[in-house]
């Protein structure tokens, strides 16, 4: 079951509505990822993507269904699943080192100060913040803050890294640099990563799999897009790749029109077996036919 | 009523009778024997040791037994001299051991005591007993604690923060009856002072000496349950003013009275001294009358303790009572007054200019209108808690609506004013307490008969309609 | 000229003007009613020399110097040096305040963290909070039966509310994301309270504590005037008793200075725990 390292099974999230009854954000959502995979969820605001991430993180609970990670149903938060928050969520009264060390000492409670510090320093160096260890968050730029957030998440060597629109608050230039860093680190460490974004280019650059969600309420996972671009890809020349536009158009097309009309267009949808598409030259190729349990052998090969 | 100091008399003074009469302590005699006898037996607590004084008491008792006739005793003393008489008596009566038996009342259960006081000259005996060593002589270590006001001193005594306290004479009655607080049995073993108050008016009223012109004026009194309240009301009513409708009476803490008078918030006050004299000293008021002009010999403040204290620490209580009675006796002597004024003036005690206290205590004072007056009994000290005082206060409490319904005057008076116990203590100390607990007296010419309080009360035209 | 210096000069000028006006206003009028020497001997200076009842700055200065020369004398239970009186007051404030801290901060945490408790306690807090601390005094004296404990209780009761409310407010207002950071790191409740909620709410809590110490200091003076015994409030009352306005002014000055120092200490601590975002 290595290719189902993360398995989201039939989860739903409902909130009590104003006049009694309840509003369903999404229901019967199935989603799975393999170990070492980089998955990106794209969807409009309100489709419940942050809720999915929070459920995965254990910060929120599904109204129905379960999430299985590494063969075990999750119950609350875990040091196995690190979260990188959109607002970086650094503790402003702690220095860079203090923030990372806080995470380190939370995971390894018995470590002495020196060991915690050394370990934290390693990850601060990894994200390129050497020299800024003793600065407070308020003295850092937005990009540097998010680097600290990444260092903090990585420092506890989690099984999964969960990123909630981590770069959305950054300027384009910083965002680009950080995307490079994240891709480098994920490739180096083989980190399984689940990310939420609404930046199509970011998804194309970073993700192995892109999950497209329709608009909420009653959002559904419409399809899974497999990234056809080669593993070795650079942000600079990404758009020169022949599959790039097909992929990008497919996603944008979904976001612009299909995400809205999906529910009425597709009636025979099986939420357990969401179609996987692999956009390339010409029409997108549906790689996984419906009702096949193991959706993506090609994915494993790609690794 | 003669001088009240008979309890402090010298039984070996050949010139006086062994009945109540003027005190002659401090008078010097020509014969050496008499001087010696006086030094030994004089009721001069500061100079004489406890044992010596008790010796005098016992000797006095023996003398009385041997010579029941005053004339015979005087003749005997005159012929042989006091010392010889004493020596002769000891031949057939072991004075020493008898003295010890009297003095030995048992050690105090509690030695470290706290006694609260309000910084006014009424508290003189309570205060001076500390610097002049009266408490120490009874084997007590008493801390006298200055207190912010009558309600506070009441609460602190009820709360047992203080073992005993200086209270306005009607307060223990009010506390025992549960007026203004929960009823808690309180007692008065000794009256602090008699007289010593005065009606002070703002200088601007110096031509309004007839109380009939006082309609609409504002007066301050220290507390509702105070002799000040009753005396002022009595005085006003005797002049045809209804104190509840014709004037305004306000409870004001004594220290604030002078400031209020200066600020023109009040027109005058009936207040304890040193407050009256202080208003004169600061040039803001003048003395209209002394309270003794309303009732000469009226009680003002009392020394009070809860009944619980008496039951739990009877020896401490007795020792405390002895100390207060002693101090009161000392304060009663005119020649001690200057020394007392100096002893109680510092910030630790009354905290007032010595000149002011001297004027109050010596009775030679500026009247605020440019004159110097002398009245040696402006304030005086007599410890005996006459139960008739309590009965009078009860009549006034009823008169002004503080007590509603019937009251058993005597029962309350006897519960609170411990005349019997004090008489015993005083007798043990060798003093001559009055034989009765009730006496008749006159307030503004109107005689009060403690046997007929209801008739007395009925005689008032102006009173609160109930 | 730097602003600070200019401000200092203006302050000094204002002080000089104030002292000058005060001095002129309280000068002896020099005239006094004619009176016999015998009578004059018995009267105070206000009556004999037309001296103002209000002391001038020179009187106050001289008296202040006298107090400063021997701040710790002890002439018995009712007359102690200003240093001792201040120490009593500060001690009472310190104790009552400390008890309030011990009660208010944990309770504030509870209220801030639990909407149920917050809602359940709210009506009580809303009713109790606006009660003047001195209104508690008779009740305290009656039930506690000890005046200095009552004074401490009054300090407690007046300093507890700002701390309680600010703690609850600060704790309830801790950013969700910081809590989430702790949750994802599997930080236990106690450690989370100390490492995330406390530092995050500290500036708000300290603001409450700073308000409290100010109120406590205001109240102790009044409470000591009521119950007497010891303390700077008692000193004011005792000197008022003697109509010594000079000493009352000195006490007012000292009360102001000590109050300012207490406030500054708390302000400094607040700065220490405040974090820029």
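Letters A, B and C mark the chains in the order given here, with residues in each chain numbered from 1 onward.
Here is the rule we use: a contact is a pair of C-beta atoms (placed from the backbone, for glycine too) under 8 Å apart; a residue touches a chain by one contact, two chains touch by 3 or more.
Every value quoted in this text rests on a predicted model; they were computed, and no experiment measured them.
With centres computed as the average of Cα coordinates, no chain lies farther from chain C than A. Each chain gets a centre from its C-alpha atoms; the one nearest the centre of all protein C-alpha atoms is C. Each chain gets one centre point, the mean of its Cα atoms, and the points for chain B and chain C are 41 Å apart. The distance from the centre of chain A to the centre of chain B, each centre being the mean of the chain's C-alpha atoms, comes to 93 Å. Between the CA-based centres of chain A and chain C the separation comes to 56 Å, rounded to the whole angstrom. Chain C contributes residues 175, 177-178, 180-187, 195-196, 199-200, 202, 273, 275-277 to its touches with chain A in the complex. Remark: chain C residues 33, 35-36, 38-39, 41-44, 46-47, 53, 75-79, 138, 141-142, 145-147, 225-229, 234, 237-243 touch chain B in the complex. Only residues 57-59, 76-79, 81-83, 85, 87, 89, 91-93, 102-103, 106-107, 136-138, 156 of chain A touch chain C when the two sit together in their complex. On the chain B side of its complex with chain C, the touching residues are 119, 130, 143-149, 152, 155-156, 158-161, 255-256, 258-259, 262, 278, 280-283, 346-349, 351-353, 355, 359, 364-366, 370-372.
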